[in-house]
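Both complexes shown next keep chain A, but they swap its partner, so chain B is in the first and chain C is in the second.
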Partner chain A sequence: MVDDQIGRTNAASHALKRAGSFISSLALTFLGLTAITFLISRMTKIDPVLAIVGDKASKEVYDKTYAMLGLDKPLIVQYGGYLRKLLSGDMGTSVLTSQPVLTDLIHVFPATFELATVAIVMGVLIGVPGGVIAAARKGHWQDQVIRVVCLFGYSIPVFWLGLVGLFVLYGKLGWVSGTGRLDIGYDDIVTTRSGILLIDAALEGQWDIFRNAFSHLILPASILAYFSLAYIARMTRSFMIDQLSQEYIIAARIKGRSYWGAVWKHAFPNIMVPLITVIGLSYASLLEGAVLTETVFAWPGLGQYITRALFNSDMNAVLGGTVLIGMVFIGINLFCDFLYKIFDPRLRSA
Partner chain B sequence: MILQQSQTLSQWLQTDAPVSARQAAAGKTYRAIRSIVANPAALAGLIIILLLIAVAFLAPFLARGISPIAQDLDNRLHAPDLAHWFGTDELGRDIYSRTLYGARVTLAMVLLVSVIVVPIGLAVGTLAGFLGGWIDSVLMRITDIFLAFPRLVLALAFAAALGPGIENAVIAISLTAWPPYARIARAETVTISKSDFISAAKMQGASTWRILFKHIVPLCLSSVIVRLTLDMAGIILTAAGLGFLGLGAQPPTAEWGAMVSAGREVILDQWWVATIPGVAIFIVSLGFNLLGDGLRDVFDPKST
Partner chain C sequence: MSEILLDVQDLNVSFPSQRGTTKAVRNASFTLGRERLGIVGESGSGKSTMGRAILGLTPSPGIVTAKKITFNGENLLGRSEADWQLLRGRRMTMVMQDPKYSLNPVMKIGHQIGETCRLNLGVTGQEAQRRSLAMLDAVKIRDPDRVYNLYPHELSGGMGQRAMIAMMLVAEPDLLIADEPTSALDVTVQNEVLRILDALVRDRGMGLIFISHNLTVVSSFCDRILVMYGGKILEECKAKELHHAKHPYTQALIAAAPSLYERRAELATVVRNPEWLK
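Now for the complex of A and B:
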């Protein structure tokens, strides 16, 4: 009984320690991330004072604004100010839309979220079985096919594949719809609730719009899915090869399990933990792939927002978008780390 | 080299008991080359990269003297034919010639990024690994922060701040590409510094810098180079992505990413404008991926 209690307190203090190190590493990475974006904003050649007062302003006005923006203070103080504003959700105003950057980001994020989520679901549904089959049939033709598919996925420029996809599937065959999220005739019919068109259209029972949105979504989502599929399949394959060489597989086979039974029922459950991390990481990198894909498909999401801002020297918007993607990236990274430690029994009872 | 009379060159290279350090190194290189040549995929990758280098050097000759920037507005968006093998773009420029010259830009960017990234990664990694303590913690924390950042987005933000252009694109990519090398160099350094020969060097009075540069850095190089080859495809794709977004080489320079972007508007009617430079990007990054996989098999059989 006493042993049991000690065990429990140990486990509790362990969990606390883990949560502590999780939070501190989150905070540190956040500080680093914001420090980098702050330095980038100081690297721009655009004079923030001139942007406000214009080049006809007198020296006096210029100096006053310079001091008002806090540019005369040491860099570290300026960074503190930047951080304080950021934490209260103030990312400045976008020059392009004259709205707070945060409002803009909240507005465009659902489109990217929809695209990335559909893509990751497709990537997992194809990539995981693909990787398992490649490992189980290592060296056979199935393995070679999957290897080539993955290799191409690592080598093809995503923006180019998008263009070729548009050319063939939309231009020549007409199987899918073109750029944008909807045909022009369907715009602004559905009220925005979640910002995710498939959900919003389904909620209102507008099945025409649902179908139209889907035919616009499917091509960019498949292209993004291909890239995450390549990564997921390759990692799944190497995890599975590791497991299939273990002795418990031989034991299961001796016991009379069929080969595929051993693969799916014995080996596969053991790769779930590292697989979660891989899926998390590739979901995060989809946000990145979305920057280029959205440009090609005129998809009104985060990626297009950032690139449009780029060309209009709208630094607040660029940095706001960068911070958001960086934070999602770091968040997913750390979350996977955390899951890893929780779900792996060997790491649980140290 | 001292070749004994009874020995052939291949025996000298393959001997189990090399008599000099140079012979050992030559033998190691020979075995590495042999195993790459024996691996068809890696060989294909090597050939593609050699072709890229050849095309970059021989571009004027291979382009049959057609300038990559000469405009011919009467022949805009001309389909591929005998005069223009890959057709012409929206300004009537020859896409075949532009694709060949584009190899120069790609090769130059790849070389510049490598020259910047490897020394930074080695410096940070070996210092952290060798000195340990708080220097190690600080340097590795910084590395982790850069590593946690989405690469393309960070490069985008840098390139946007610095302004468009090849040099700035190279700087932007380098700033985001060095962390993995620091990680590798650190891991190698930690193992190497525990070896007896490092203690021996220390006891002989070698300075920290001497040990770092003469003993540790050379031993880190091979794993760093393998990683660099594997990363090359990613660097090329990022560079092309920046070019596609208009942040890389500026017009009229022929750059593959920018060329694909120029073909966007006309993709449905004049497919060749965007498609052909994209194929070039694909082939080159495929080449680096194939070679990288092969090199990893040769130098680091554990991780396959």
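Now for the complex of A and C:
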């Protein structure tokens, strides 16, 4: 009875300790991320005051704005103030849109999220089996075909593929819709709930809007999917080739497994950890906002937002966007760490 | 050995490459009854390649040719993949060298043994589990219920090899090829694993091909011995008569083994003569 209680207390304190180290590592990463982005933004030659007052402002107005922005204080104080505001959800106001940066990000991020998620799902569904088949049929025609398709995937410039895709599939054939997220006639009909048009339209049962959003989404998503599937398939192939040469594959076949049975049931579960890393990184880089794709398709996403902010010295917006991307990376890494332990028993702590 | 389990005549295994063909096994012929046949030789003498060829698992681009290979009277040459699957696991099997690499690291031990049952015996669920646990018990694992739920990295080398033996023998095959089954283990555990293997082979009346480079183990464990060099079988003799071997290569192998009781300033090196391969 007493032993049992001690055991339970130990388990509880152990869990508490793990949660503590988890949260502190999270906080440390966040601190490092904000410190570095803040420093870089202050070290650039861009003058945030000029961006607000313009170059025709008087010295008096300039100095007043300079002091208002807190730029006369030491860097560490500025950072402290920035961090305090950030934690209360205040990322400052964008010069370009005159709106809080947070509001802007909430507006643009779902567009990128929608595009990236559809792209990564397609990339995984095609890229992973493709890589497995190429590895299992290494040197045969299946392997050659998949490798050539992948080679095109990471050699063709994305904007070129986007333009050709628009020209052929939208301009000539009319199979898909053109640029933007919706036809103009459908704009602002659906209430924004998640910001993800497919979901918002489905929630309201507006199926014609759903179809329209989908026909706008499918081409840029396919193009991004092509690039990530090329990478995913290539990495899957090399992970699988490595595993297929292992002794336990021969052992499985001695037990009476077919070749493909050994490939899928034995080798494939063993590539999950590196594969999750690759998929996580691809997804994270898609969530940064694919600037070129978003530009070609006039897709109002994060990539476009940050690029425009950069060109206009809108430092609050740049900083806010960078912090958001950093947090996306941290989030995806955490999720990957969690998945590793599910798929590989060797990584579970006792 | 009235009943012939395995009959191999003129087996050749070669690996073509850009720099010419490597002959890994040359014109090997032997028969096996329900007995223990030891195959000894240095690394690269073709022992393991021969074992894998018998199981139809020669890695590409290897080419296997033979005048005849029969198993229980069934022809093994030119079998389709589907035909091989009826034999492998169910009627012939192999215990491999190192459980660290030959057990699937992300599958529970019980699941890996159960897989052999499911694939070969047509049993599932509870029955597969019952047989797996019984088999773990048969390889003298003290706490089968616990080990059943462990992963390979949670086992010691000796335990892992016993789990491997359980996994390969649970479908009660007629022929076992043991490819250096104790080479990766600590010396103290080797004997234990050998004893377990010995008892299982004896109880079930299996034919055993025991591949090793340990002359002492082979001569005490097997009935007959084949000595291989450069892919060729140089000599065949009764295990008890190994010390009266006639071939100079076999004599050299025996002489090269250091003795505990005799101090030698210099250990003998093995003489090799490419003439023997002709």
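Operating definition for what follows: the second predicted complex is superposed on the first by the 281 of 350 C-alpha atoms of A that agree within 3 Å, B and C clash if a C-alpha of one lies under 4 Å from a C-alpha of the other, contacts with A are read in each partner's own complex, and residues count from 1 in each chain.
By definition in this document, a residue touches a chain if its C-beta (ideal position, glycine included) is under 8 Å from a C-beta of that chain, and two chains touch if they have at least 3 such contacts.
No experiment lies behind these values; they were computed from the predicted model shown.
On the superposed chain A, the two partners chain B and chain C both fit, without a clash. With both structures placed on the common chain, the touch criterion links A:Leu292 to chain B but leaves chain C unconnected. Put simply, if you stand at the Cα centre of chain A and look at the Cα centres of chain B and chain C, the angle between them is 80 degrees to the nearest 10.
When the two complexes are overlaid on their common chain A, residue A:Trp141 makes contact with neither chain B nor chain C. Comparing chain B with chain C, more residues of chain A are touched by B. In the superposed pair of complexes, A:Ser155 makes contact with chain B only, with no contact to chain C. Following the chain A superposition, chain B and chain C show a smallest Cα-Cα distance of 13 angstrom. Under the contact criterion defined above, no residue of chain A touches both chain B in one complex and chain C in the other.
Remark: chain B residues 141-142, 144-146, 148-154, 156-158, 160-163, 233, 237, 240-241, 244-247, 257, 260-261, 263-264, 267-268, 271, 274-275, 278, 281-282, 285-286, 289-290 touch chain A in the complex. Against chain B, the residues of chain A that register as touching in their complex are 28-29, 32-33, 36-37, 40-41, 43-45, 151-152, 154-160, 163-164, 166-167, 170-171, 284-285, 287-288, 291-292, 295-296, 306-307, 310-311, 313, 315, 318-319, 321-322, 325-326, 329-330, 333.
Within the complex, the chain C residues that touch chain A are 52, 55, 57, 81, 85, 88-90, 93-94, 96-98, 101-107, 115-116, 119-120, 151, 153, 164, 167-168, 171. By the touch criterion given at the top, residues 246-248, 250-259, 266, 269-270, 272, 343-346 of chain A touch chain C in their complex.
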